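Across the two complexes that follow, chain A remains constant while its partner is chain B and subsequently chain C.
Coming up: the complex of A and B.
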């Protein structure tokens, strides 16, 4: 899976799960998710579960933070780092 | 890199400018910032917010800010660290400008000056040791163990802090600086989520404003580093100024609520009062949010672009939303340390179960850590079922909401413009519902006991239509506010750019608002006073950190009933705790009686009460020795009163009674007597019924010529508490008192098995009737015994509630109606401009020696006039 595929997968999940009916084009790789309230602390848990199941990685509690999960790009970077580690 | 200052960014463009040009262009905004900051310093000083230390700190921060800003970026963080240490070293030991000036002029010795530095230096040394341990070149778990060991030793020392009186002041601030931040620091150190250096660590732990605020937001280390100059300085400084003004407004609003809301459960008389009380209790939290805004705003002035600590929590639309908005830093702290680790560890049991367990553990941790915080601030842990119940109820509410959010679909949008009117209405209704629920839950938490909460509900049992209409309109206002401003995107305090920070920033507009706000806070009192002179008293009540009527009343109750600590805590948060041993002599000086008098003074004892030596004579009076038989040529007066008449907190020869007696002997009025004696039968906490009974029980045996019944504006509470104690103890009143007491008890519907606070609240409406009866009895008994009855009105040294004039005129009217002569000492304190000089301390409103002297001067004058005149006949005075 390359970076673009990872981003697409994450984007689809977020659109389906949290933004049903929203214009997919409005959700860009740099749209802030946590600092705008789209992903709250409970939603973050679901995202983490999704990432672990989808990409076969393990995310530590201290990694479930705004630095790693605020945008689709941030999340993809986290996934890639984890997969290559 | 996180923690490094960012380049100046303008209009979204990253522009490199010549450093000199940058400074020149920045002069205007910088001067504007300086002016606003100076105004805020003046406002804090003018309103005497929090404490004198805060005013001093603000001056230090203001000067430090200017130097800090003018320094090259690389020197700023170390400078902030040093400034913080300076604030700690001077602030903890209360080394103010007076001591320093005294040392410079030679009035204060060097050793005394150094002594003032001792607590602060000790704190800094302990802090540096703790930071050092975190960075020891040993395994991480060994560092944790070492920190734990040192922490355990410090905890034991804190518990025994009275053994180290020289450094007693530092424990609270040490705890406040390290009790939570050390945990966060170690967590981030373990995961290496932020850069570490000595100057960062010093700046983080010794945060400048912390020295004035034991209750301090749990600043996240990673956020602290990552937000340091992460935006343009004008924007950061301006945000800080805006927040400080917001904090000041909230603190003043808090004072209004604290001073004027009907917070005394004992005195609630209607369902509307109850609603006001419940709302007031909730709004008292404004003090916390106000101080947190002030603190974080102040940190902005040194480049720390920290996020909001509270976000419109009164308008939360669900319990999870409430939890996310109120004390955001705390929420992030427990989420980081407890919720996420627990949830991640339990993922295999399923998301809902994991979330449930994690939520319960998070709230349990919150409860325990609040107790931990209490321990460091107060010196002992707070482990009460009420706190536990509060946190667990909140946990349950948050959990139910969270499960609903997980299983249902919470509507989220990418654009706020798509929020429809229908959604706004729903938001508003939810905000109203959560507001009501939180008010009630908060009242439950704030009440001193379960009985007090029951009394609150009891008082609200029969609301009128007007009460319901007023309460409903307040809820409607909350709903409308919820519709307009209730939606929030604030979820975390973590330091990435928030939505707000990406919005256009208008420096000058913001500067104008802050300047205007600060000027209003400075000018409004004098303008309002000129427009309406009556408002002066109300504004005076908002100046300074003084106890409100309820807390002073609670304290009075505390002195006489040995209240448990839990009931005292409401004012102890205001740092108005009485010093150690203030009431210790109580147990030596007083003893219980099995009859309706309930207690009396132990004969021939000496002890200390309220920091003053107190002695009783062989007849059980706080007075000089007297023979029971009156000597010829002596005019004998008996004084019947309570603690102020007894002379609580002043020495034996400083009571107004003894001073007056001396004066009468030195300058006898022309009444044909060679000697005057005033026998003090006053006992602390005596109600009017007890005072009259004391006269009948003992006073008449001393052949008095006159009896003075001393009354004051705060005596109602003694009446209710006296009857309540008698009911609970099952003590019957004497035969002559039985009819009135039994009737009142019957009509009030009280009995000895009810909660104390409920009994007292229900008895309040009968106070006037009991006063009337007592005056009648007093007059009748005096006349039967050929004694001249006099009622003395003793003014309260301070009248925080502003109720004295009304109570005084009502009381004296009742006395006059029974034909009793009045000695009104009300003018005694007129010459005193600062009434605080008349009370023993912030924690105790008993009269000082100065107050007793003034009372004695007035009493001598009035008494001489009365004694020189003939007593009126019963019939003539009744007319």
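Coming up: the complex of A and C.
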């Protein structure tokens, strides 16, 4: 899975779960997710579970923070780092 | 020494426990009682040099830290009342608050100062600023004060001991008209509650208190003052950690906390996602919660994972602080599906349950809970009409109308049934749905906005219905971003629904009943 495919997969999950009816073009790689309330604390837990299942990685509690999860780009970077580690 | 005002609590403990840890920060910093007392004295001297007088207000805009705790005490030692705000809230909202109560000095983290200065200049308002470079162990505050000393020394001043009826702090809560309102609370108000906590919870210097609530939230009063009164250690929970059950659960065990106090929402998350069975919580002796209804299924789950502590449901609006309490039974029957009662009235308060006309109802009949007594607020800052409306009219006793509908059970415990207005509680925060609507109306494209809450077992999701000037559909992302720039994050609606126009009643008002069915 390349970076673009990873981003698309994350984007589809967030659109389906948290932004039903949203124009997909409005959600970009740099849209802030946690600092705007698009993802609240429970949503973040669910995104982490999704990432672990979808990409076969383990995200440690200290990694599930705003620096790693605020945008689709941030999340993809975390996934890629984990997959290549 | 008889304690008359809040800041004497710190000095009394510092005299007994100078080297004991008063504050521990989750990032690793700490401060002893002696250090905290000395730093607050130093701030007092600086504030007096800046001509802060008894009766003035001083603002605080920083993350929770030893620097923050020292600031609260330093401000009170100068005779002023402290005004804490949410450092993560938009600068426009915080600037409104500081301007509203005319703080003379503001202690602010450097990263937040620029945004506030811009807002102040638009308001034509120029408070003096003490800018600190970050927070941690009281060091940035110390450095800022040292730097000011090099420009002009601050001579040692004496600690002001005002009459206990003087203001100690002002806490701003969500206002239905679209602007937050300042709840004015005196030293007396707080001490009546704090002294009761000493009697009921029997804290000692060996206790380790959680400090989960932010300073601008009234739950912080118990954490800070009860802990420091008894020489215990106050363990500050940094904001992001406090929202994240996966990190919080092991941290809480590692810190060997003995007393936990928070809104129920994070306890629900800990029970569900914290893997609590994997850690040792044997130190924990008390679990206190307040601020909203604890869904009974999660309380049962939590009690199954943490069976040994005592659990207390504390109830009370910011205006009265905690005014009723209920100790949960050691075993909650499986068949119980209703939340715990809010319990009996604390001894420093008196209750009165009234009907819509303000007349007392018979025992066992539902009505609005009114509270009088030592912990009841003085009023709302600069809002005499709102203050007058907050109390029952035509009575000698100041009966504060909580807006909460209750019923007295045969046991003498009160049970919370709901609200009489449009205020909700979410993650313990008070939210006036009208304040969210007022923020949405500031969006240039929005023609109509109505915000409703749809409480269920898992929480209180908030949904905003909007229509636009040109009939176009607004992006949820755009609306969330707009709200997060104008409201604290906990007030950003969870869901948005864009309608061509909102349904109306026969008198052409927005039909909230109809919207209620559009969940």
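Here, the second predicted complex is superposed on the first by the 85 of 85 C-alpha atoms of A that agree within 3 Å, B and C clash if a C-alpha of one lies under 4 Å from a C-alpha of the other, contacts with A are read in each partner's own complex, and residues count from 1 in each chain.
In the analysis below, a residue touches a chain if its C-beta (ideal position, glycine included) is under 8 Å from a C-beta of that chain, and two chains touch if they have at least 3 such contacts.
Not measured: the values here are computed from a predicted model.
Peer 1: Should A:70 be classified as contacting the first partner (chain B), the second (chain C), both, or neither?
Peer 2: first
Peer 1: With the two complexes superposed on chain A, say which partner A:42 touches: chain B (first), chain C (second), both, or neither.
Peer 2: The answer is both, since A:42 touches chain B and chain C.
Peer 1: Decide which partner touches more residues of chain A, taking chain B and chain C as the two options.
Peer 2: After superposition, B is the partner touching more of chain A.
Peer 1: Would you check which partner chain A:32 touches, where first means chain B only, second means chain C only, and both and neither mean what they say?
Peer 2: In the superposed model, A:32 contacts both chain B and chain C.
Peer 1: Chain A residues touched by both chain B and chain C?
Peer 2: After superposing on chain A, chain A residues 19, 22-23, 26-27, 31-32, 35-38, 40-42, 45, 48, 61-62, 64-66 contact both chain B and chain C.
Peer 1: Under the stated contact criterion, what part of chain B meets chain A in this complex?
Peer 2: These residues of chain B touch chain A: 187, 191, 193, 222, 320, 324, 335-336, 339-341, 343-344, 347, 351, 355, 402, 405-406, 409-410, 412-415, 488-492, 494-499.
Peer 1: Within their complex, state which residues of chain A touch chain B.
Peer 2: Per the stated touch rule, the residues are 18-20, 22-23, 26-27, 31-32, 34-42, 45-46, 48-49, 59-62, 64-67, 70.
Peer 1: For the complex, give me every residue of chain A touching chain C.
Peer 2: Contact set of chain A toward chain C: 19, 21-23, 26-27, 31-32, 35-38, 40-42, 44-45, 48, 61-62, 64-66.
Peer 1: In the complex, go through chain C and note every residue touching chain A.
Peer 2: Against chain A, chain C makes touches at 240, 243-247, 250, 269, 273, 475-478, 480-481, 483-484, 489, 492, 494.
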